[in-house]
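Consider the two complexes below, in which chain A is the common component and chain B and chain C are the respective partners.
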Partner chain A sequence: MTRVFTAAAWLVLLLTALACLAPALLTRSSYNEQQRDFINTAPCARFPLGTDDLGRDRLARLVYGARTSLLLACAAALLATAVAALAGGVAGWLGGGVEKAALWGTDLFVSLPWLFLLLTVRALLPLDVSPGASVAITFLLLGLLGWAAPARVVRSRVRSLATSDFVLQARACGLSGARVFLRHILPNVRPVLLAQFFVSLPLFVLSEANLGVLGLGVSEPLPSLGSLLRELQDYSALSSRPWVLVPAILLTSVVTSLYALAGRTEAQP
Partner chain B sequence: MLGVLARGLSRIVLISMLAGLIGSVFVRLGPGFGASTEDLNPRLSDATRAEIQRKNSAGSDVTGWYAQWLRGLVHGDLGSSPSLKRPITDLLRERAGMTATEVAAGGAIGVAAGFVLAVVTLACPRAVSSLLCGLGSSAALSLPAAVIALICLWLDANPLWAVAAAVMPHALHYLTGVLSASAASDHVLAARARGLKRSRILFRHVVTPVAGELAAVAGMAVSIALGASIPIEAICSRAGIGQLVWQAALARDLPVLVNVTVLLAIVTIGANTVTDVVIAARNPVRGNVR
Partner chain C sequence: MRRVLPALLWQAALMLGLSAQEAGELRFCLRADPKTFDPQIVEDEPSETVRYLTGGVLIRLNRSTQKPEPELASSWHISENGRRIDFHLRPGLQFSDGSALTADDVAWTMKRVFDPALHSPVGDAFRSGPGEVETRISAPDAITVRFPAPVSALALQFDQLVIQSHRAVQGQAPVAGPFVVAEYKPGNYLLLRRNTRYWRRAADGRQLPYLGSIRLDIQQNRDVESLWFRRGQIQFIGKLDPELYEVLARESPASVHDAGPSLDWVQLWFNQVPSAPIAANRKAWFTSTAFRRAISWAINREDICRVVYHGHAKPAAGPVSVSNRFWFNAALKPDEHSPSRALELLASDGFRKRGDTLFDRAGTPVEFSIVTNSGNRLHERILAMIQQDLAAIGIRVHTVTLDFPSLIERITRTYDYDACLLPLMAGLDPSDQMNVWLSSGAEHQWNPRQTKPATAWEAEVDALMRAQASASDDKTRKAAWDRVQQIVHEQVPFIFLINPDAMCAISPKLRNAAPALVWPQVFWNVERLALTP
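What follows is the complex of A and B.
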């Protein structure tokens, strides 16, 4: 059962990645092309998922929106993991006051609900920004606020490595602290960092979706999975236009697949 | 246990003060601090405009503002909301009840449902019911809280069910791990070897010893439920703290955000401290280790 589930997860992710990397395979429309003669049309051969209230092809917006969200989540997870490696690594290696200060910092970040932190920091930044800037802001926010929990894991791993026999031996051989850290500690922390990267991915996709639904994510006309979900707010029209649910279904499939793969990565020794 | 309580209380005080300080720094450094729509009023003379700007930027040093905020905090005065034009204390007092009810009831339902589903999954791991539990919790885990709120609106259900749906998969995931570890322990193997009934082993030797872990889940649930309450209250138009946060974020109402930051830090760390105390009371060795 687990194998079937993992295979399905890989299939969903590969298909989504393919669609994102080569959108022309699925659609020839642009996500921003407004066809005034085709407003709110039902699915047809030309528009497989119909069009929205501005006459834009829903399929094109879905494909480009998935690309924005997934690339954004990957970039943010990479940034968060890098910050976590730096903060957790330095705290675990140096110990003492630096470690205590880092733990206080992570305590503060972890104790506040994640979405609240995102909203608060987003409120400090300009709200009326260009679509490109909104992507950059969302990516930076997710990356710079998502480091705390992974940093604790990294610190714990570095701490245990710092007191291990091979590190003691390396020190006894006269290697400098920086060399021991770079040559012997960091390579052993890599699996932890990889696991944290995969664990962060679904979390960041969901966070972007939450911000998008609340109107604080990626700005129009650039689509993202979160901004596409805003259409669900007109829930009275769901029964007559069930195809607007497709972004939610895609989001659920992708996040479930990411969680499944993150679980496997974490379980690996 | 007293040591755990004292450590927890000192953590609450220090981290909330730190949250207040960081929030104050953000307020001061946030773009647009001190700006006013009156600056654009052509009817105002240069002298009047300069006077308004002087007033708006008064106390612009962080330490001064922070000291003033602390003094107000001691007297129960949290300042005033620039966007809603009302005292922040009144806003928090009016809205705290609704959010507290949603978080407590929704969190409790979510934890209880997670616990029941974890027991079902452990009791019959290959049954269809377990598969459905897994699929249901995966779907709930993979949906943003905002979409869960929309589904709740669509079904005309109380928003606390949305909070419960956001908490349940996390509780299920954690409790499944705890129960599986308990089921694999030596005393359970011994009980099986003695030929005890499956149901007796499950409830007496697997579930009962880990009942204290529910306290740990409760601490975790408070944070998840608080986070989920923001989009849920915003979408379901519930006048709670979550909706206040959303409105403050849209209106860049930074004083409200600073005070809510401190409030949420106190509530979350308080919940974790209560959890630690309960665990220390049940198991002094583990409590001290934590």
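What follows is the complex of A and C.
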């Protein structure tokens, strides 16, 4: 299990480093330059992963796609965890009507047909946004819609902490509610938040991939792991161009590694 | 007797063999369930397919020659400048239930189709002016139909008008086409059986159609459809996309057919609606003919044909495909790719390129968004190519894919968009495009539903379209339509990009197939199609 965790951690670390250093590493390749005389080229020295159907370097697109998906999945997970911490923490700590309202809110968000909602929200957004802004919008939406499930976990943890002996003792000592929350509750919720953050990461990577496959994720010419998967829709091409599977293999590896990391984080006391 | 009996047996065996061979079952896919079996209110393609296969019409457009031919009518004569048409029916016509098809049925059908309560799209095609449509039966096999105003391409309009029995009970109506509906399992399949009372015979006297039945499998997924075709479970696929064409061409070169540029085209247009909620400077760009022309010159159509369509498309010059033999204006040529000319033209209109960015007269960088429907990879690739082509002249393009309802909402109701890329399905006759070119038309996409023409050239196009619609001789109509094409080419309200080829895959087992450009591409001569066992 430790080996799996180590391998997963290394893979995620390597990819994150590659993603961060992409512009420095790929100085001669561009993810958006169409070399129209080299469409669907097989892997070669010039294009190690070949070119796509518009003559763009697959390797450059893969590295930039991983960068888009990974970095912004982190941002979305951070946002979702922050909202979950706030909503779940307040609900669990205050209890009563606030808790009921928060639970009702999380139930509502968990029950929402999120794909339909994402489609609707995206349709209502202004059209004139740059590819970079489209990435931010996509992940902001994912983050804002993905807080509900972690919030329920946080609420449950805060609720059990609120009735624990050491909190009762702190209160008996005359500490204010805010001070108890900041000094005693929050530090004990941190492992839960960390676990929720890691659990959310692969979910957001997959959600972006789903949107990308539908053509509703990050806009052209910026690549993402999801938009790169669209080539797999032409399954008949798989036998003649098996290297188009690389984004799918990478996505699977990333998601599996992230789940392995999340599992380890959850297992920690 | 000893000699005669084996000979008779041999002949019977031969006939049985022949009938087994020619009574095969053709199978192909419908994309969805037919929405109706009433031929007069058909609006969707699956229903249209059923109508084509089962309905008997007076005149049928020959999809190969692109000329109207007699079907249930043995002859017709158009007079009074396109207001009147006289039909003579073939002798001995019968519906599938054995009842006679007479002029009474034609009159009853006409009455039904023009009943305003029915809201028949078929009837709408004939409606050229206010007033009643009159029918007069002069003999059981002769009928005259008189319209209140001249109807353009009158004979062609009858290709859609299925003659129904005046004794028909809705839901059990007999038909006069080559097949009858035998079984329908919604969401699964539709089975059509040969109409044994169909009027047409082959040159050797044999009863048509050759096929015994047609099974239409309802299947939305194109991958499943192609898998079925490869396994031999269905005999053809219509409207092939270039990728699948290439794959099938590699596997079985004899099965794929490219009939050349279709009548459809892919176009880009800019939003010129005065009330559109877009910035004033953009409105000024989009209403400038020079700007639109420059964009047209900056786009590399040849590359789109080569890269996106793998050579299975041709650069488009206007609203009529080169395949539309009679109506195409041969004087028009597609705009050539010339970024330098585009920049010169833009400079003459006050635009300046500094560095990698184009600025307008006021110093605003030129950027806009182009929307298209999500899920169509061909359109998304075209957009990506346009994005790079326009970047070369300093224009920043944001490409946006939207789900279809959201896209339609923006281009038809809110007008909250800059530019749009979509295909347009065209018919053979210019009258099919009335709604596109009349300034009052709903499909006059760049500025629809105008109360009066916004520009002088749109007023001229309105007049020419009305003139061609009311003229009865093709020479006058052609002259008017040529001029419309010329104006549209000069004013560039639509940037015509390409005409995709009409491609299909047909099993070598299907005999007598002659793919055409016009729908239904593969089964237009269904009565002559046959299967090799």
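One rule holds in what follows: the second predicted complex is superposed on the first by the 227 of 269 C-alpha atoms of A that agree within 3 Å, B and C clash if a C-alpha of one lies under 4 Å from a C-alpha of the other, contacts with A are read in each partner's own complex, and residues count from 1 in each chain.
Basically, contacts are C-beta pairs under 8 Å (C-beta built on N, C-alpha and C of every residue); 3 or more make two chains touch, one makes a residue touch a chain.
Predicted model, so just to flag it, every value in this text is computed and none were measured.
Trainee: Is A:L119 contacted by the first partner chain B, the second partner chain C, both or neither?
Mentor: Both: A:L119 reaches chain B and chain C.
Trainee: Please work out whether A:V129 is in contact with chain B alone, chain C alone, both, or neither, and reply first, second, both or neither.
Mentor: Only chain C is touched by A:V129; chain B is not.
Trainee: Of the two partners chain B and chain C, which one touches more residues belonging to chain A?
Mentor: Of the two chains, more chain A residues are contacted by B.
Trainee: Return first, second, both or neither, reflecting whether A:Y259 touches chain B, chain C, both chains, or no partner chain.
Mentor: first
Trainee: Identify the partner contact of A:L214: answer first if only chain B is touched, second if only chain C is, both if each is, neither if none is.
Mentor: Both partners, chain B and chain C.
Trainee: In the superposed arrangement, which partner chain does A:R36 touch: chain B (first), chain C (second), both, or neither?
Mentor: second
Trainee: For A:Q233, decide between first (touching chain B), second (touching chain C), both and neither.
Mentor: Both partners, chain B and chain C.
Trainee: What is the contact status of A:G55 with respect to chain B (first) and chain C (second): first, second, both, or neither?
Mentor: The second partner, chain C, only.
Trainee: Name the contact category of A:F47: first (chain B only), second (chain C only), both, or neither.
Mentor: neither
Trainee: Can you list the residues of chain A that touch chain B in one structure and chain C in the other?
Mentor: 119, 122-123, 127, 214-216, 233, 235
Trainee: Looking at the complex, which residues from chain B come into contact with chain A?
Mentor: Interface residues on the chain B side: 11, 14-15, 18-19, 22-23, 26, 29-32, 138-139, 141-147, 150, 153-154, 223-224, 226-228, 230-231, 234-235, 245-246, 248-250, 252-254, 257, 260-261, 264-265, 268-269, 272.
Trainee: Touching chain A in the complex: which residues of chain C?
Mentor: Its residues touching chain A are 223, 226, 243-244, 247, 303, 306-308, 367-369, 371, 374-375, 377, 380-381, 383-385, 387-388, 398-403, 406, 409-410, 416-418.
Trainee: How about chain A: which of its residues touch chain B in the complex?
Mentor: Residues of chain A touching chain B: 104, 107-108, 111-116, 119-127, 202, 206, 209-210, 213-216, 226, 229, 232-233, 235, 238, 248, 251-253, 255-256, 259.
Trainee: Mind listing the chain A positions that touch chain C in their complex?
Mentor: 32-34, 36, 39, 53-55, 119, 122-123, 127-131, 214-216, 219-221, 230, 233-237
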